[in-house]
Amino acid sequence: MADILALAADNLISPIVLCFALGLFAALARSDLSIPEAVAKGLSIYLLFAIGFKGGVSVAAHGVDLTLGLSLIAGIILSALLPIVAFALLRSITQLDRLNAAAVAGHYGSISIVTFVAATSVLESSGIAAEGYMVAVAAAMEAPAILSALWLISRGESGRMDANLWREIMLNGSIVLLVGAFIIGGVTGEEGLKEISSFIVEPFKGVLCLFLLDMGLVAGRGLAKGGKLLGWSSIAFGVLMPPIGAAFGLAAALALGLSLGGTVLMMTLTASASYIAVPAAMRVALPEANPSIYLTLSLGVTFPFNLVLGIPLYLAVASAVSGG
Amino acid sequence: MQTHTAKRVEITIEKIMQSRLTDALVGAGVHGYTILPVFGGSGRSGEWSRSGQISRAEGMVQVICIVREERLDALLTAAFKVVEKHIGIVNITDCEVLRAERF
Amino acid sequence: MQTHTAKRVEITIEKIMQSRLTDALVGAGVHGYTILPVFGGSGRSGEWSRSGQISRAEGMVQVICIVREERLDALLTAAFKVVEKHIGIVNITDCEVLRAERF
Amino acid sequence: MQTHTAKRVEITIEKIMQSRLTDALVGAGVHGYTILPVFGGSGRSGEWSRSGQISRAEGMVQVICIVREERLDALLTAAFKVVEKHIGIVNITDCEVLRAERF
Amino acid sequence: MADILALAADNLISPIVLCFALGLFAALARSDLSIPEAVAKGLSIYLLFAIGFKGGVSVAAHGVDLTLGLSLIAGIILSALLPIVAFALLRSITQLDRLNAAAVAGHYGSISIVTFVAATSVLESSGIAAEGYMVAVAAAMEAPAILSALWLISRGESGRMDANLWREIMLNGSIVLLVGAFIIGGVTGEEGLKEISSFIVEPFKGVLCLFLLDMGLVAGRGLAKGGKLLGWSSIAFGVLMPPIGAAFGLAAALALGLSLGGTVLMMTLTASASYIAVPAAMRVALPEANPSIYLTLSLGVTFPFNLVLGIPLYLAVASAVSGG
Amino acid sequence: MADILALAADNLISPIVLCFALGLFAALARSDLSIPEAVAKGLSIYLLFAIGFKGGVSVAAHGVDLTLGLSLIAGIILSALLPIVAFALLRSITQLDRLNAAAVAGHYGSISIVTFVAATSVLESSGIAAEGYMVAVAAAMEAPAILSALWLISRGESGRMDANLWREIMLNGSIVLLVGAFIIGGVTGEEGLKEISSFIVEPFKGVLCLFLLDMGLVAGRGLAKGGKLLGWSSIAFGVLMPPIGAAFGLAAALALGLSLGGTVLMMTLTASASYIAVPAAMRVALPEANPSIYLTLSLGVTFPFNLVLGIPLYLAVASAVSGG
C-alpha cells in the first residue's frame, strides 16, 4: 500500500501528468490556451507511429511466439466481453437508459492508446520491459467492443451496422497507422530503429507532454460543458469500471503468462476507455445517444483516473501478484 | 450578364456523415456541391467548437448545393434520409447562377 | 418536402468578438448558429488574409443564424450592439428550412 | 432595424486564381469581399477534397461579395473574365444589409 | 564600441537573424512562402513551453529568494509605467492622435516573448547565465501595460474594460502556458528536465529558426501593407523607444542586483513591444484605434531592431556597466 | 545486375519506402488515415530548410568552384530540354492531345524535391558524399520546364504567361526557402550547423518517413481517383521517361566531372517529375489541361517508380560508369 502511494505520488509529479493538469486547469479557468487541431492530430500521428514502430522492433528482436497469437485472441475477447460487464454495471448503479448505457459500455471495452502510451512510459522510467506485441493487442482491442455495444442495443433488430461503417471502424486511421508502423518496425528491426531513433525515441516523452497538455484542455472543456450532465452514479461508474476491467486484464495476463510489463499493459488496456474510434462509430450508428455523456465519462473521468491513479495501481498490483 | 434561377441548399451536418450525405446526393443525381469547414456552432444539442471539442470526431461541415428548381425535391428527399436522425440544419435560398451548363 | 420560411443572417466579424456576439445572441433568445472560419477579406479597413496577417489576433469568422422572421429584429438589435464599433458586415437573406422544430 | 437591399455574390474558384479574381474585383470598383476556405467539392471536373488532393495546388476558396445592385453587372463581368476558362461556380442571392455605408 | 559592433556583426550572421531576414525578403518580394497558421502556433507553443520549463528548472536548482519577488514587482511597475513614457514621447514627436498614441504606448509597456527567447539564446551562445525566474517576470509584464493604455484614454470615462476582457488578458494562452510550464519545471526540476531535454533543449534553436522565418514573413507582409501608414516620426519612435525602455530596465536590474544575464534580459523585456496579447486586447477595448499602426510599429520596426541591434547593444551596455 | 537487385531489395525495406507503401495501402483501402494539410506543409518546410541548409554548409566547407556555375547552367538547360523529349515521346506512344501532352511534358523537365531528398538519404546510408550545391541545381531546375511546356503549346500564339505568373513561378515558396536556406547554410557554415544540427540533422530521416507516409496517402488517393483516366501507354510513359531523363543527367554529370554522389543526384533530378510547382503553374496557364492526368502520372506513377526502383538503379549505373 505504501508502495502504491509512493508510486502514485511519483507519478503525480511527472511532467506528463503535470502537463495534463495544466491543460485541465487552463480549460476550467476558461483560458483561451489551445493547441491547433492540426497540430494535435500531428502529435497523435507521431505517437502512434513511434509506439507502433518500437513495438514492431521489439517483436523482431525477440521473435514471434504462440503467446503473441493467444494475446491477440484474449484482447479481442476482452474487448467484446467488457461492454457487457459495463452495461450491467451501468444499468444497476446509474439512471442511464438502455441506449446511452450501451453507448457508454462500448467505450469501456475498447481502449485509449494514450493511456497505453503513458503506461509504457511509466514502465520505461521504472526500467520494466514489456512484450512489444502489446501494441498489436491494443490495435486488436479497438473495434470488437463496438460490435458488442451495437448488439446490446439491437438484439433482434438490425440495420445499425452497414458495410461502410464496418470498413470505417476496421480501417480507421489510428488502427492502420499503429499496425502499419508495427509491421514496418518488425520488418526493418533494430537497424531501421537506429536510423530514426533520434526522431521517434529521444524526443518521445517531450511530445507526449505536449499531447497530454492538449488532452487536459480537451478533457477540461468537456467537463465544463458536459460535467453537469453526469450524475454522481455515472462518475462512480467512471472510476469503478477501470479497476474492474483491469482485474479481467490481470486474469488474462496471468493465464497467458505475460511478463510483469506485459501484465501492466494488458491491465491498462482493459481499464482504459476509447474516446476516438468508438465515439465516431456511435455518432453514425447510435446518433440518438448523447455524446456528452460518453465522451465526458471516458475522457473527463476515466482517462484522468487511469493516468494519475490507475497506472501506478495496476503496476503495484501486478508486481505484488507476480511476487515482484 | 445572363443568369439562370436555381436553388441554393445549405446543409450543416456532422463531418462523420459527410460521405454518406454526398453519396446520397450523387445517388439522387446531384453531382455539384461544395463543402465548407465549420468552426463551431450551437443548436438544440448544445454548443460545440472545434478547439473545445472533447473528441476529434465531433466536427461539422456545411455542404452547399446549387441545383435547378426541378431537382430540389429529389435532393431534399435524399438528404433528409441521411440527416433525419442526426443533428444539423438544412436551409434553401433562391439564387441566380452564371454558366447554367455547369450545374 | 415541407419547408418553412425563415431568415438567414450572416455576420462577418473579428474572431476576438465571436464569444461576445454569441453571448449577445443567446441573450436575445437565439440559440442556433453556425460559425465558419474566414481566410481573408477586404473592406473599408483594408485587406487582410490569414497567412499575411501581422498578428494572430486579427482573424475573422462568419456567424450564420437561421431564425424565424419574428425573431429577426431582436437578433439584429443584439448583434448590432456588439458589432457597432467594430469592422465587419451583416447581411440577411430569405430562406426556407426543413425541420422547423429545430430552430 | 433599418436595412438596405443588396446582392450577395458567391464565387467558388481555385485558390490559385484567388488573387487574380480579387484584383479584378478591385479593378471593377468592388473593395468589399470575404474569402472562405473550402474543404472539398464536386462538379463537372470530378470530386476533390483537401485531404485527398493529389497536390497542394488544387484547393478552392469561396469569395463572397455584398454589392449594391447597380454594381452587380460590373462585378459579374469582371469576375467572369477570370473564371471563364476555370472550374467553379458563381451564384447570386438577394439580401439585405445593415450599415449600408460599409459596402 | 568596437565590441558592440563585433557583437552586432556576429549576431547578424546567426542562423536565427538570417532566418528572420529570409522571411522578410520573401514577404517583401511577394513570394507565396508561408508557414501554416497551425504550424506557427504549434512552434510558439513549443517555444513557450520550453522556455518556461527551463526557467522553472533553473529556479528549482538555485532556490527561491527575495529578489524573485522584487523582480516580479519591478516588472509589473515597469510594464505599467512605460506606456506613459511612450505616450509622452509619441505625442511630442509624432502626429498620432490620443487614441492611437495610447494604443501604441500600451504595446511598448508589455513584452515580446520571442525577443526574450532570442536574447536568451544569445546569452547561451556567449556562455552567460541568467536568473531562471526572468521567465516569470516576462509573464508578469504582459498585462499591466494594457491597463495603463486604457487609463490613458479613459481617464474619468469608463466602460472600456469588462470582466470578460479582464479574464481574457490575465488568462491568455501565452501567459498560462509560460507560467504553467515554469511551475512544472520548478516542480519536476533537473530530473524532469532530463526526461524531456532531447525535446525541449537540443532542438530548441532550430525550432526558433523556423519560428523567426515565420516572424519575418509576417513582419514583412505587415510592412508591405502598413508601412505607408507610418510617417518617419513613428518609425523614429519605433527605434528610439526600445533603448529608452532598456534604460529603465537597466536601472531596475542594477537596483535589484541582477546578474549580467538577468540584466540583459530585463533590458530586453523593457525594450521589447508586444504583438500578441496587447493587440488582441486593443481590438476589443479600443476598436477605433488602427491596428495597422500599432502592429506595424511593434512587429515591423521594433522587433527587427531589437533582434538585430538591440540585443547586442543591451549586452554590451550591461557588460560595461557591470564592469565585465 | 545482382548488385542492382540487392540495392533495390535493400531500398525496398528501408523505413522510408515502407512508410510510403503504408500510405499507399491506407489510401487504396480507403482508410480515413490522413496527415493534416498544415502538418504536411510543416514537414515539407522542415525538409526544404534542412536540405537547403546542409547543402549550403557543405559548399561553405568545400568552397565555390567553376563546376558549381556550370552545373547550374546544365540543370537549367536540361530542365528546358527534357519537356521537348517528353512531349515527343508522349505524342508517339500515347493518345494524349497536344495540350495535355505539353502539360505532362512540363512536369518531367522540372523536378521533385522529395525524390531528391530520398536519393540524398540513400547516398548517406551508403556513405557516398555528393556536391552540396546540387541543392541549388535542384532549385534552378524547377522553373525552366514550365516555359518549355508553354512554348510547346503556344508557339506563335501568346498570352499564356503574364508577369504575375512569372513572379509566382520564380518566387514560389519552395524555391525561396530552398535557396534561402542554402545561402544561410553557406553564410553560417559548420558553426551554424552545429547550433541547429540536433534539429535539422538527427531527426531528419524520421521526419522524412512521416512525410513519405503522407506522399503515399496522397499518391494513393490520386491513383484511386485518376488511375482510370490513364491508359497503359501513359503509364508506360511514366516509367520509361525517368530512365531516359536519367540518361541525360548522366551524360551531363560525366561532362561536368561530378563525383559519384553528384552524378546520382543529377540523374535523380532529371528522372524525377514535379508535382507542386508545375501543376500550380499549369492550372493558371493551361486550365483546359486535365490535372488528373499530369498529377496522377507524376505522383502516382513516376514518384513511386523513382523511390523504389529508380534511385537504386541510378546509383548502380553511376557506380558502374564511374568504374566504382
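To keep things simple, chains are lettered A, B, C, D, E and F as they appear, and every chain counts its residues starting from 1.
Convention: a contact is a pair of C-beta atoms (placed from the backbone, for glycine too) under 8 Å apart; a residue touches a chain by one contact, two chains touch by 3 or more.
Since this is a predicted model, take the numbers as computed values, not measurements.
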Fewest touching-chain hops separating chain B from chain F: 2
Interface sides of chain B and chain D: same vs different residues, half threshold: different
Of all other chains, the one whose Cα centre sits farthest from chain F: C
Computed distance of Cα centres, chain D from chain C, in Å: 18
Whole-Å separation of chain centres (CA-atom averages), chain A against chain F: 41
Where chain D touches two or more other chains, by residue: 36-37, 93-94
Per-residue multi-chain contacts in chain E, two or more chains: 34, 36-39, 41-42, 198, 203
Chain contact topology (line, ring, star, complete or other): other
Pairs of chains found to touch, sorted by chain label: A-B, A-E, A-F, B-C, B-D, C-D, C-E, D-F, E-F
Residue numbers on chain A that touch chain F, as the complex places them: 36-39, 41-42, 45-46, 49, 53, 167-168, 171-173, 176-177, 180-181, 183-184, 187-188, 192, 195-196, 198-200, 203
Chain E - residues contacting chain C, complex: 27, 34, 36-37, 40-41, 164, 218-219, 221-222, 225-226, 275-276, 279-280, 283-284, 287-288, 291-292, 295-296, 299-300
Chain F partner contacts - residues on chain E that touch it in the complex: 13-15, 18-19, 22, 25-26, 29-39, 42, 125, 198, 202-207, 209-210, 213
Of all residues in chain B, those that touch chain A in their complex: 14, 16-17, 19-20, 46-47, 50-58, 85-87
In the complex with chain D, residue positions of chain C that touch it: 10, 12, 36-44, 49, 60, 62, 73, 76-77, 80, 89-94
